[in-house]
Amino acid sequence: MLIGKIVGTVVSTHKTESLEGLKLYVVKNIGADGKDASGYVVAADSVGSGVGEVVLYATGSSARQTSVTDNRPVDAIIMGVIDTWDIEGDTIYTKDESAETADE
Amino acid sequence: MLIGKIVGTVVSTHKTESLEGLKLYVVKNIGADGKDASGYVVAADSVGSGVGEVVLYATGSSARQTSVTDNRPVDAIIMGVIDTWDIEGDTIYTKDESAETADE
Amino acid sequence: MLIGKIVGTVVSTHKTESLEGLKLYVVKNIGADGKDASGYVVAADSVGSGVGEVVLYATGSSARQTSVTDNRPVDAIIMGVIDTWDIEGDTIYTKDESAETADE
Amino acid sequence: MLIGKIVGTVVSTHKTESLEGLKLYVVKNIGADGKDASGYVVAADSVGSGVGEVVLYATGSSARQTSVTDNRPVDAIIMGVIDTWDIEGDTIYTKDESAETADE
Amino acid sequence: MLIGKIVGTVVSTHKTESLEGLKLYVVKNIGADGKDASGYVVAADSVGSGVGEVVLYATGSSARQTSVTDNRPVDAIIMGVIDTWDIEGDTIYTKDESAETADE
């Protein structure tokens, strides 16, 4: 899995049937040091996450191991909103508890 | 999934039987910022997309999770034409509604 | 899928049983612009292609979706000889029709 | 598989149900020469490893081939704590036997 | 598949049960030109290969398609010792027939 920040949304009305109902986010990679890293992915959401949140995402066939992505042509899934992570004893990131999460 | 632009077509008459009937496009990668990125992929089409369109594609085993690619040796699939995407509140791309889509 | 050129062959007599009978080629990557790109792969052949041909290959689990690679530890498969491809209206490559294909 | 060092932990309370109970570590890549390499991964733990340990991890669908990750959306798994490895006759790394392993 | 040279061994006693009995090698990548390339992988052995040999390895789910790796969390497998390969008519590598292979 990798850490990323949800920075935007992708809208596609003309799509394969099995993608119906999935929320698609643009997720920019974040390094283990908490800084922006190169690369992005468009990931489906399985946890009701929202723009601005720092999340954990998985890629490949593992992205289909959730009830919302089972048997769908999805190769990237957001499966957790990150509360905090640390590196060698230092807290790299802590979620702003005052922020709202978009549960849909 | 990643965002790309369909820039061309690939023709192969001497191919493995299970590829018969698939439309194969050359898709150039586009960054989250809407600019051309390095790399390309040859992807099968599952939605009747056409050259010039900006699309969403998936890779790996997930590319076989559509009715047109099931059990075929395909590792990249176009599964949506993108209408629009935004990053941090800015609209990065909006599909030109006057453009025609090649539904075949 | 990616485009590559078959540049050589690999011979292995001491190998896992399930690889018996597979033809293994060295395939160098070609960019969408038709120029040599970095990287190579050793791919199994499913279409009777030969050295010098420009081909389409797939990687990962999709490489096992042909009758010759089913249930084998193969992660790259040549599944089509390319006749031609174009980018933004320009023909990038056309197969030399006078060339012979090694059907074995 | 690749070699990495567990450098931190990731906490996510708002996550997909099937991730419940998994320990998630930040693993920084180590080169075959034993030096820090670029890149990291967030991997699930299957062996009761702990921060500071040098481990072996697998990615992709193979990460689901353990009892703790079966059918879960996990694409990276720690499946062994490394005792030692050598390159061309030189011992590159030997685990400090006095260190404690967090078996949980 | 890719070509690599077995340069060392990895020892892990504290590991997930399903890895028991597998021989794990450090394999350094070799370019199609026969020169050292960047990157390495830790691969399981399925053919009784030994340190110093030049081998073919597969990654991803294909690495589980051998009797020794079936259903195991292994994402890289050595499945052939290379005798020789050629590029554009030139022999790049030929195995030293006087060398011993470690059949275990």
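Just so it is clear, A, B, C, D and E label the chains in written order, and each chain counts residues from 1 on its own.
Everything that follows uses one rule, which is that contacts are C-beta pairs under 8 Å (C-beta built on N, C-alpha and C of every residue); 3 or more make two chains touch, one makes a residue touch a chain.
Worth saying up front: this structure is predicted, and the values here are computed from it rather than measured.
For the remaining chains after leaving out chain D, touch-based grouping gives one piece.
The best fit of Cα atoms from chain C onto chain E calls for a rotation angle of 70°, in steps of 5.
At the interface between chain B and chain C, under half of the residue numbers appear on both sides, which makes the contact a different-residue one.
Chain A and chain B, compared by their mean Cα positions, are separated by 21 Å.
Between chain B and chain E the centroid-to-centroid distance comes to 35 Å (mean Cα coordinates, whole Å). Chain A has residues 59-61, 63-64 in contact with two or more other chains.
Passing around the ring starting with chain B, then chain C, and so on, the chain order reads B, C, E, D, A. Contact residues on chain A toward chain B in their complex (touch as defined above): 7-16, 18-19, 24, 26, 28, 40-43, 59-61, 63-64, 71-76. Contacts from chain B toward chain A in the complex involve residues 1-3, 31-32, 46-49, 56, 58-66, 69, 77, 79-88, 92, 101.
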